[in-house]
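In what comes next, subunit A is part of two complexes: it sits with subunit B in the first one and with subunit C in the second one.
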Partner chain A sequence: MSVATSSYIPLAERNLWNDVKPIAQDDGPNPVVPIMYSEEYRDAMDYFRAIAAAEERSERALELTETIIRMNPAHYTVWQYRMTTLLELKKDLEEELQLMNEFAIQNLKSYQVWHHRLLLLTHISPQDPSFEIEYIHQSLLPDPKNYHTWAYLHWLYSHFYTLGRISEKQWQDELRWCEEMLRVDGRNNSAWGWRWYLRVARPGAETAKDGLKDELNYVLKSIHLIPHNVSAWNYLRGLLRHFKLPLTPLLFAILPYTARPSSTLPEIPQDFDFATPSVPLPNDTPLPVPLALEYLADALIEQGSNAEAGEVFSELSTQYDKMRAGYWEYRRRECVEE
Partner chain B sequence: MADPDPDPTTSRQRQSTFKRNGHINYFLRCLRALPTAAQGSDSNRITAAFFCISGLDLLGALEDKTTREQRHGWIEWIWSLQAPTGGFRGSTFMTTPNDKTSPAHIPSTYTALMSLAILRAPLDRLDLPGLIKFFKSCQANDGSFSPVPGDDIYPNEGFQSDVRISYCASVISDIIGDFSGIDIDLAKSFIGRCKTWEGAYASRPGVVEAQGGTTYCSLATLSILDRHTQTQPECQILPQETLRWLISRQIGGFQGRPGKLEDVCYSFWCGGAISILGHSNLINRDADRTFLLSAQFPLGGFGKEPEDYPDPFHSYLALAALSLTHSELNAKDDNDGLGLKALDVTWNVSLETAQWLKDEISRVKGVSQS
Partner chain C sequence: MSSLNPSIYNLPSSPLPTNSHPTSTLDEQQETESLISTLFALLPPPTSDADGQTTSLRKQEHVQFLASTFFKLPGKFVSLDASRPWLVFWTVHSLDLLGVALDQGTKDRVVSTLLKFLSPSGGFAGGPSNSQLPHLLPTYASVCSLAISGHSGPGGGWEDLKDARQGIYDFFMDCKKADGGFVVCKGGEVDVRGTYCLLVVATLLDILTPELLHNVDKFISACQTYEGGFACSQFAFSSPASDEDNLFVRASMAEAHGGYTSCSLNSYFLLSSIPLSTSFPAKIDAEAALRWSVLQQGEAIEGGGFRGRTNKLVDGCYSWWVGGGIPVCEELIKRDKKVGSQGKKSKIEAVDEGDKEEDWVDEIPTPPLFNRVALQEFTLIAAQQDAGGSGGLRDKPGKRPDQYHTCNNLSGLSIAQHSMKHSSSVVSANRVKFDSSKGLPPIIPRSADGGWTSEEERQNARREVWANSLGWVEDESQECVVGGKGNRINTTTPVFNILGLRLKPFINYFYGQQE
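Up next, the complex of A and B:
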């Protein structure tokens, strides 16, 4: 079924492999979803089965696993075999890491690539993981929302923090880097999540102590910069929920986005010292901002003004966010029926 | 949440015929052979097979469009994947005389078991005690599960041990009515720690943001484990924030995270999660359907988004998503329904198959006790 490429020399014709008897795949008489393997892949797998069955740990086994991984990066067995072989042969793991650097560029979405990298870093266990952090920062540039890369960055910090190898300066530098990511793209939800870790969730995060007001202002300013930014609103709501704070005290900072007639808007109190929107609002902001209406409605429920909240939900349902009409109607019913 | 209203006159809406026969033929073609480009699925062929077989089941085409001999052959191939240690391997790709080369794999065990059920294979050959031992060898101290049993060199706490694997282990335990392979409290606390600042669930604790697929897996796992232990459903504690996050992902079809594009699979992951929370009626079913149908490939199957080539994963999840809102159970009228069977949203197979599976497991257990 496969097409032979002229340049390919089968393993059977190579001296290195002539002592090995390949094991062909036994797919039985009724294979389901058989794959039309390339000649190279089939050949390499026939030899890999033989090597694995004999539990051979050797240089040529490493070479073969690399060949297969390049054709099928999701091959979990071959990754596991490679790691075991690397350790048994006491190979230079830094060299393996270099290979992975090259590899990751093409295979950012493969779980196995990242798992392998995690194990390498665990074994190398550098006193200072800066080089790896720097590498991950670089690899986020072309793909700033890659789920695995962010998950790995989180692992790096939590693992090396547990080992006592993340300095206070490194935490501060990381926060600055994260802020730069958000400056470049304020809608990068992954970067917001990273900020949450750095500012709220990580051991020793400052927000838990006395940085809460700064944090609220940071996110309010972000909303003022991009009023329709879902991630920033979610972050704001997340902060209030996490620290069990009411929504109402911050209403002044977001009321202009609800586009209520100005006559009905309360004056911003003199002592209100949270970031407020620019006056007038940027011209390119479509109003009202549905996220602001939702915030207003939830604040009204908090104040016990359920009927008013119901009216806001009704506006969302019928005018401003029809995509979620059913949901807003559900919210409306819920608060007027209580 | 500030997305423009769907415009009923867009071309998508006009090209909205459901290509039923095309989809049937697409799944049949894949079952016969996958192209070289699918080599990356070599270790998980059973999962590709499940998507095709379950797709044919939802379309109600399995009996008509395949022969008894074909189905029998497939059943034998699937049984050949059962490992001596219990559980199933993902494919015949590593089968050698040395059993150590081909360990069982939790997601493959889930898709193998479901495929056998859809094919109505008697399950007497299922190694039930083996399954329990297999799960025990995969659960890590933090409550997570690794896809294959861990060892000193490849520990079972790691990057791949995420909520997807917890989901598969929980569903299988639910199917066989035996949770003794799982430390339930640990498994639940692991999922609980995956909840993010946004109110939905990430792949692992501390991972920076929630995602549609991992939120589905988390809610399904919690609902199964809570039902089993008859405790206050954990996903019912503050479910409002989770529901809000899920509902906000709809932008026509669904996106997997804020700021990302629509992708067919999230219509199932997010729509399914919303259904598990008991609110499937809050999905904007017309907008979702319009997007899903626009992602049909002219020759059948669904791509990730319109104009993409189809693959079994997106093709099946598109049908599963459509079944949530447009099955024979919830169609508004004859024109609205797509002739799809209703779905068991937690197990992710047709309700019919789920019921057969429950009966079959009772039968097998009765036989083994008598």
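Up next, the complex of A and C:
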């Protein structure tokens, strides 16, 4: 898109613009952080200032905003002007959405591209947002942790849910899609966050009613597949905290990762029906897993065995997770001093 | 101290166990582990090795790097044309941390440039106000840069800010949404970056009101995720409930992230310093935020830097975003305990008593909550641009340095070197010193009942906000500079991220308080 300066035809020399008096940028004398703009950008901005000052809403204004945005996709003022103009001219917003599909590929990290898209969907307000959901799923394939894209997907479902336009089948399909993302990469924390929304946070999520046991088993199985996966441990702890459940009843499901001597371990009760670790454990699974020790210590505190918990924190601090020695020492002091 | 802050050089360099389960996250992690551990093996350590070689903080190179873009930026920087106040802030704050003073002529240029960005209708834009709309993020960057480079009196920029207070307030109210969020600009997105930038400026300029703060606490609280860190934003689902304060069922809008966690924790600190009502601010789980934050610190094989999300890669910018949030978590946990130990006693009562038993809280030594030595080693070895190059600091080896990463690496380095505590006794002393007869005219609220209900309440809020803003002190006995005094940089203030010596005269100016 960038044009060599020599071949650039200034807007002043184009018939379309000869009625407009450009306005220069007012930086004052001797500014700091001045940018050596290309001729094309400076020229476009000079005319943008003029039409913005006159509040001109026109086709040529739209063209100009597109020119600028292509050179600087973070230009929020120009985006805002473009959106207002699109609405005033009653432009076909689906066409604009097509343009955004092209932009999104090049500017995955631009706040403005995603926000513009959100505004477009709000105005288009389709009865069925499936096409947009599908588009987002596709765009996550090459970039499965793009924060903007995931935040947008959260918004998409939340917004259209409040309009009553997400069917039960769509919720189910979305959960399956999310499970597929986690099957492909169980360490993708963005997908875990999405699962939390689908299963716990959204209005009408089923986990609170009768799905909690399934959910606990789902995350336990994930831990058993990848025992050093922090995402899965955090999800497990998140569930227990959110539903105010004790840690102790699930201890049997993670006890092998703590590498306690087997003589000190209680027998797994007959009626224990949560997923237990695979036998043998996956290769390259050095024990103990630090987050399993943390789990054990918190379960011990829950049982009132603070001194024992303190010893576990001490092991974390001095042997098994020395990077966080100070934090585990803080946890140790907290539980022995209370 | 050292056993609780073990050096990378004394820790086993173990890779993340694969659990025989390769995925793309694991691939990327292994690549980064290899990149960083190779560099650690190649470069001399920060404390001299057998041959007397060391890797030090190359301050001169970084100053050169910052200077090279301050007066002229090549055309490719057009992508930052709407972020010019940030280019200023990253530069002047980095220079402050490095202990480099700008000459008065340059400071004057900083002030006059930023005043061109101030919109006549209130708020700062990302560039000249004849080109761009005011925006919350540049407003933070401009105001903090003016705190650093400006002064009271003619031409110093502070008088202009004083005159702009009502306009800035009106701009803030224009950004406000019913659910407690703020759009970052007219027609813009809503997220906690905007909330943070707004609250810092409203705190510094003494323009806080109940109507501005309404529901802001609930918005922030709803951004906290199941992991303990915070997401960019939240969604408020309308609910049929009639209780006005619980009008919404809220859900966080993505996974926990370092940048948004920093904005949220800092916002929460500012909110919890304001005596608005006994139920304000809505609760967050500060212990969970602390746990999440310390878990983001990378292992020895990745140099002990911070990552910004679970299972993502370490990046020098999170030294500030995550590391800088840890002293704030520590203070928020302390506040929780204090409220707990005082039972149902209201915060406002607690404030008036200025009771002596609060002092003990300052006396309990806490262990360092993150590995301050390892983070400094990451900065020195992995985040500095290769010696003899352009200077500047970066995300990780293989990435180009830039002003943003330079500023955030250095801000995090400052937090690692200096032990910052929020001191109850300093806050109590500040309260006593506060002269409520001094100050600027009160802000005119948007709605008739949007302001403080009485002058007494307003003065109480001003006193608390001012006293708490100046409550951060360094425990100098805990200073820890890896590689010796030559690597020491100046002390930044948690929450605000400007030096204490910049914060104090600036906030005093707007609250009418004496040095």
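Assume the second predicted complex is superposed on the first by the 334 of 338 C-alpha atoms of A that agree within 3 Å, B and C clash if a C-alpha of one lies under 4 Å from a C-alpha of the other, contacts with A are read in each partner's own complex, and residues count from 1 in each chain.
The rule is simple: a contact is a pair of C-beta atoms (placed from the backbone, for glycine too) under 8 Å apart; a residue touches a chain by one contact, two chains touch by 3 or more.
Bear in mind the structure is a predicted one, so any value in this text is a computation, not a measurement.
A.B. asks: Could you check whether subunit B and subunit C clash or fit when both are placed on subunit A?
C.D. replies: clash
A.B. asks: Pick one for A:Leu87: touches subunit B only (first), subunit C only (second), both, or neither.
C.D. replies: first
A.B. asks: Figure out whether A:Val184 sits in contact with subunit B (first) or subunit C (second), or with both, or with neither.
C.D. replies: second
A.B. asks: Just checking: does A:Asn283 make contact with subunit B only, subunit C only, both, or neither of them? Give me first, second, both or neither.
C.D. replies: second
A.B. asks: In the superposed arrangement, which partner chain does A:Thr162 touch: subunit B (first), subunit C (second), both, or neither?
C.D. replies: Only subunit C; A:Thr162 stays clear of subunit B.
A.B. asks: Quick check for you: in the superposed arrangement, does A:Glu55 touch first (subunit B), second (subunit C), both or neither?
C.D. replies: A:Glu55: touches subunit B, not subunit C.
A.B. asks: Contacts for A:Ile23 in the overlay, against subunit B (first) and subunit C (second): which applies, first, second, both or neither?
C.D. replies: Both subunit B and subunit C are touched by A:Ile23.
A.B. asks: Which partner does A:Tyr37 contact after superposing on A: first (subunit B), second (subunit C), both, neither?
C.D. replies: The answer is both, since A:Tyr37 touches subunit B and subunit C.
A.B. asks: Determine, under the contact definition given at the top, whether A:Tyr218 touches first (subunit B), second (subunit C), both, or neither.
C.D. replies: Neither partner.
A.B. asks: Classify the contacts of A:Tyr111 with the two partner chains as first (subunit B alone), second (subunit C alone), both, or neither.
C.D. replies: In the superposition, A:Tyr111 contacts both subunit B and subunit C.
A.B. asks: I'd like to check the shared interface: which positions of subunit A are touched by both subunit B and subunit C across the two complexes?
C.D. replies: Shared contact residues on subunit A (touching subunit B in one complex, subunit C in the other): 23, 25-38, 41, 45, 49, 71-77, 80, 83-84, 111, 114-115, 118-119, 145, 147, 150-151, 154-155, 158, 187-190, 192-193, 196-197, 200-201, 228, 230-231, 234-235, 237-239, 241-242, 286, 322-327, 330.
A.B. asks: What part of subunit A is in contact with subunit B in the complex they form?
C.D. replies: Those in contact with subunit B are residues 1-2, 23, 25-38, 41, 45, 49-50, 52-55, 71-77, 80, 83-84, 87, 111-112, 114-115, 118-119, 145, 147-148, 150-152, 154-155, 158, 187-190, 192-194, 196-197, 200-201, 228, 230-231, 234-235, 237-239, 241-242, 286, 289-291, 294, 320-327, 330.
A.B. asks: For the complex, give me every residue of subunit B touching subunit A.
C.D. replies: 1-3, 5-6, 30-36, 38-46, 48-49, 52, 70, 72-74, 76-78, 80, 92-98, 100-103, 105, 147-148, 153-154, 158-160, 196-199, 202-204, 206-209, 211, 241, 245, 247-248, 250-252, 257-260, 279, 281-284, 287, 312
A.B. asks: Could you please specify the touching residues of subunit A with respect to subunit C in the complex?
C.D. replies: 23, 25-38, 41, 45, 48-49, 71-77, 79-80, 83-84, 111, 114-115, 118-119, 144-145, 147, 150-151, 154-155, 158-159, 161-162, 184-190, 192-193, 196-197, 200-203, 225-231, 234-235, 237-239, 241-242, 282-286, 317-318, 322-327, 329-330, 333
A.B. asks: Considering the complex alone, what residue numbers of subunit C touch subunit A?
C.D. replies: 3-6, 11, 14, 16-21, 23-26, 69-75, 77-84, 87-88, 91, 106, 109-110, 112-113, 115-116, 125-133, 135, 184-189, 225-228, 231-233, 235, 237-238, 249, 251-257, 285, 288, 290-292, 294-295, 297-300, 304, 309-312, 366-371, 374
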